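Questions regarding the structure given below will be posed in turn.
Chain IDs A, B, C, D and E follow the sequence of writing; residue 1 opens each chain.
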């Protein structure tokens, strides 16, 4: 094997991923693997601190929000250059906002511009299918960008840090013809699928090439990057179909690292001298109780008994990577809005047995998938199943393929199922709002009081007030117990011993410019 | 001859047509849909519904099929869920599969035929028993496990060979045919060709395990049968040298069933590629198909399976033609 | 009746030839048991008998074509004074095809289906006569013409399946005689052919023997063929020669009940139609091991308990070069069963 | 040898009877008996049969042999797969524990039963559906007439179509179609074999329907359907049986491949070797025993069936008799 | 009227080519206008060389082949015109004995079910016990004992198997038995046993035989009337003794002269007419007289353009030759015939179609 034959600073950093980006233009994407790449190329107005989840400046050195929370002012960094040689100024930023607001009809739904529709949803001609409409407009003044909102939302300022709102160079925007896009069925524009020289950002790396035949995407260092130049001259993202193949490729020194290491491999890799830095937890895994599909689950006592029957500590100890914790509520404890006063449920099979004994319950689980919050669904399911059986529940398992599982869970087909979420940015609403903002078939929960609190939180512009509302909602939710939060697990990432790894981010937003060879 | 080829190729049309109908219904009957691949876990029911609508999945199936055919008439296989043209994807990825399958078949033939031949000549002796035993074990080992073991030994432990990819990632090369070894030789980039060869060894070995075993045993059986034929005895009675008898009389006849088997094995190879390419991150149409199945990428599944079926039929046509060359008794115009 | 016997060394001498197949897991079977005969130049010797009596095995043993494994060959086979048994493989290969040649029963399976007929002839010419290329082709054309194949130039490039049965057999013969062998073995050369074609082929063989002085070992189960062609006839039963005599002597004065039985059981073109045939009882499988007596005893009309007193000895009829192995030959009164 | 002076007819016959080789010996035994006796002499068959019978016995007696409940996580506290803490072979658990703290020996034993079931049921599915198609096709073709030929060619086109899709792909799509379960696994693996069985049976039926005994039956005035059922079909089953035995091996291996692709049986209470192997793969670095035992078991069992099938093929093949 | 009358029987097999459409590109004229008749208790022998259409005649009589044209009358009923069902009901009256005694017996059925099948199919034989009795009688008639019933074909010798085949035909008490090469697969010594048996049975039951064989001696021995076939035509037909005593057709002469006699004295004197060349293909037979391409007496007139009719030239002796009288009188003398090359494609050799081996 042996990679990085160039030596020294000129070495190529090869990173194994499960998938390559869906689109090089982040507006079209909604998945982590796309953003992992585009984040290296494009910058956003705001960013998270390296290795943490605090909001910090990105392209904006400083930012400010008016008291009513509707006017956001960003003071851009001076001397930032795009990869195509253009200079960053407020006009360039506004050009991006203008582009989004002027996107034609095919973009007005979550099928295409998922995050834009959810976070901003504003279009000059026509509406977003989500019903969102937050943006009034963007005004530029030298290096000052002012963005006017119609309403406040829990998504701000987080939305300004989302990879999907990355700033492209005005030159790029001129070449992009959004009007030519006719719909997802006809494919995405070529420039999103191949490096065609159109897309230029301000990030530490610029697009170099995309070899589809070999599932390799290459970025090269941008020497005029506004921050510290990247530690490696090239990054190759290489896709692998399975984690075992990634592990072997790493062990054979063909790649320098990969993400989402199976927990079972962490200790082994560490022992073999690889670096497996621990991330902060930023996700949540839960066991859902669909109250409408299974009448038994409509009974709070049953839900409580189920909560007592599952040995969550055992799952954390034996099946999740080190650093995981048993969750008390539907968000990790690092997120604002986390409440310390929620009702907790401890493992108590003896208390659960009288309620559950003799019951039969259907339990869905996904077969061929691995997510950051549930590295091996099968093991987790087996463990929960064993717990439930221990208290006398007959578990009717319904294993499903992932492609079938999500629709089934979303449509309420499954009474019991395991699922989770990784936060997009440091915002409690990004967790709770995902499930409990209104009635959904996923949970079948009918608590208008909770929904009301959630709606208020959604529109609350003040972070502290919002946190308080979310904490209140969290407490109500944990009393209602629509599902059992199981754990927040730190997804593992691994690097070979020859590199200095980047600071690992709980949001899985590693900055690869921090990587360098030893 | 030309007529025969043309007719056989024309015959392909109804086969592919039938296959496409079958597949179309089948694929759409798979539970779940493409939404899981395209939307995040927290997407709402409305989001999912909208996606199905945008993809035309809510139309009656015959409307969808008509649309598919209309596109196909312009050689448009539609787009993958990831937004690229299926035909482009296949064109880019197929060379990898060809290269892999070809090398695997080469291994099977180059090793299998002599081995089977020697086994037959030494029937019942150590060589025979170990060749037969070895090939049976080859057949009986699940491919993914064999691949894993090969990688663990030769890539991870010994570090002799790479465990994945077609080339060392980041290598620059000139692309002409998409076959890296061939390109490397054509353009004089011999280090690329060599790199490609090195990367081919393990996956090709894993993929070759079954064809190798089949070819070995087939050759052995066929040679044994041929050795008992009257014309071999005639050749002996003519006092010919052992070499002439073995090559002109025994091997040539013994090869006939093996040739057919090789044609049929193409199917097994293409299927085997699904596993092998995934395990070795080789990037051909095998792993493409597997991912397409997982993400319910209907257009990609259709395109790939139709391609595989076409290749299978064409390869077998070539084998049949080859057969007429090898065996004068068989004429194409049966 | 004159006995035509050359005083010179016979082309082929077979003496006490025994062939035993030893198969793993099965009792050894003796396919041929102390068979002796000689063939001189220009002489035709017949080997007749029903299926499985050991005719082919004998021929193969002479050609050195019996596999080495699982076979034991005893006795002596000499070609023009050269001992063939135990001859180095290389020497045997040189002899085969050049000095000893063989024609097989089924010309379709005996010819390589994927090699043109011409090539199958020329490969022999180049092996034994050093002829190559055009010379070899010319010679092959000449040979094919000689065996009566029309348009030999074209036939040269054809494959066996493109020829009719008679034509193939002719090609086989052309191949066999291509290097001027002194001994030709024909193993049922006409059994697979139609009578009119058989007649052509027999004529061809007869012609060869007469013009070339080739010694011919003719193997057949057809007594008619023997009667028309062979100078001397050996009748085999269960691996042993039960009767051997010159042609006229054998047909004129058959001694062994097996021989007479055969003669009486076949319908003859010139026979009386009304008379029922006189078949031999039972079938070839009803036999006694030779060591225990006469193998034919169970089917024999003249069977006596005496017949089972060990292997019957060879009896020579005085003065006529006629031998047989019958304990109770006609002439001695038969016991009524 | 001295003969008694008074030779009676009875003595003659007795002596003859004693000496003449028993005719049934020479004339051979029934096809099956003969094939069987050849099988008994083939070391390949013997090894195969021993493996297969051992496997079948284990599979049948699995619940009796299993020392522990194969699903019980008895040693939950001992095993921490994420920390690479596993329990290998030890006195209590001769094969060690799996990643969930279950007794591997018990799971292997019960797995034998599942694997046998997968093999047998999959083969039966492939065989019966394939044989149905092939049988109808072969019968139709054998009956002649326009309709028969039409039925035959339609069915065969369909089979050819299936044949042009690699077996694993058929299995993958069936597995995806039906959702993961043990039943799915069996159907998926079986479905992939359908075209092979169909062609095989049709081919041998066509060959058989040209045989003289079939003509003889027709000449006797037996109705065509009865001729097909009582003569053509029974005589065509040999190759199908051989293929069936070989398919048993293929099925077990293919089940493993499907499991690896995430389409196997997810039923944890009834483990299946292929699934166990696929599952254990990710622990291979720290718990090789978990993969090793199922892998070896699969290879040996498949080998057993293959050996037996190959030996049967050879025994039934008249061409290879000598 | 005779028991069995075949009139102008034609059987042409289409030759198909192409992969998709399988066009008919020609016909193998396997049987092209054969007429013959057999009476009760009589035997009609059909001889000829391989491929001349003998078996096809036999099979056509039994309607085992499609009949292209002509009549097959059994007791006046035209079998050729019957529906399949009606034909099936007639089958017990016509039976067949096959060449390969092993191949014609289902190896997986015991003798009882092999023999009883015909009875069952025709609802004959009454109760089980009666049926068994019938079978035992049939076995007895062919010289086998009742204990054969429970045994399987492989337990018998070749001759015995052929006896079983005969018994199978006999149980239905047919009027006519077609024997297609009944003895050619048997050892010479056994052949005589079977021939004698056939004659015995005929004496006892009065069944009529059509015996098909390529061995003229066998046919002559067993037949009352012999027909000599060549390329789908009957060339000569006469009482067996007459035919041997006085063959009139050049082909018959040549055929008979080619048959060796196991008697060196006879052999030494036997006059031989050596034919050259091979049988042409029935797919492309010579125009005019079928034998004209090989006939040493062939004339430039008529022989090559006019098919000779089968004409009665002596009482009960019919010949299909334009020049019978002239040849008999010595007016026309034989001459040399150049062997013609038969193009490869026209040889009646079956080209093996190679099926792909089973996929493992």
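Quick notes
In this section, a contact is a pair of C-beta atoms (placed from the backbone, for glycine too) under 8 Å apart; a residue touches a chain by one contact, two chains touch by 3 or more.
Just so it is clear, the model here is predicted, and its values are computed rather than measured.
With steps allowed only between chains in touch, the distance from subunit B over to subunit C comes to 1.
Looking at B-D and A-B side by side, the one with more C-beta contacts is A-B.
Using mean Cα coordinates as chain centres, the one most removed from subunit E is A.
As a whole-number value, the distance joining the C-alpha centres of subunit B and subunit E reads 53 Å.
Subunit A and subunit B, compared by their mean Cα positions, are separated by 38 Å. Separating the CA-averaged centres of subunit A and subunit D is a span of 49 Å. Subunit A and subunit C have CA centres that are 91 Å apart.
Annotation for subunit D: residues 23, 27, 176, 179, 261-262, 281, 284 touch two or more other chains.
In subunit A, the positions touching at least two other chains are 244, 368, 400-401, 404.
Taken residue by residue, subunit E touches two or more other chains at 157, 351, 359-360, whereas all remaining positions touch fewer. The touching residues of subunit D, counted against subunit E in their complex, run 23-24, 27-31, 34, 196, 199-200, 203, 211-213, 215-223, 226, 230-231, 234-235, 239, 243, 246.
Of all the residues in subunit E, the ones that touch subunit C in their complex are 49-50, 157-159, 187-193, 195-196, 199, 214, 216-218, 220-222, 240-241, 244, 254-267, 270, 272, 274-279, 338-342, 344, 347, 349, 351.
Interface of subunit C with subunit E (complex): residues 50-51, 148, 150-151, 154-155, 158, 161-167, 194-200, 202-203, 221-228, 247-248, 251-252, 261-263, 265-271, 273, 276-280, 283-285, 299.
Partner subunit D is touched in their complex by these residues of subunit E: 59, 62, 64, 88-92, 94-96, 98-100, 103-109, 117-118, 120-122, 152, 154-157, 165, 168, 172, 355, 358-360.
Across the complex, subunit D is touched by residues 243-244, 247, 262-268, 271, 314, 317-322, 365, 367-369, 376, 378-379, 382-383, 385-386, 397, 399-401, 404 of subunit A.
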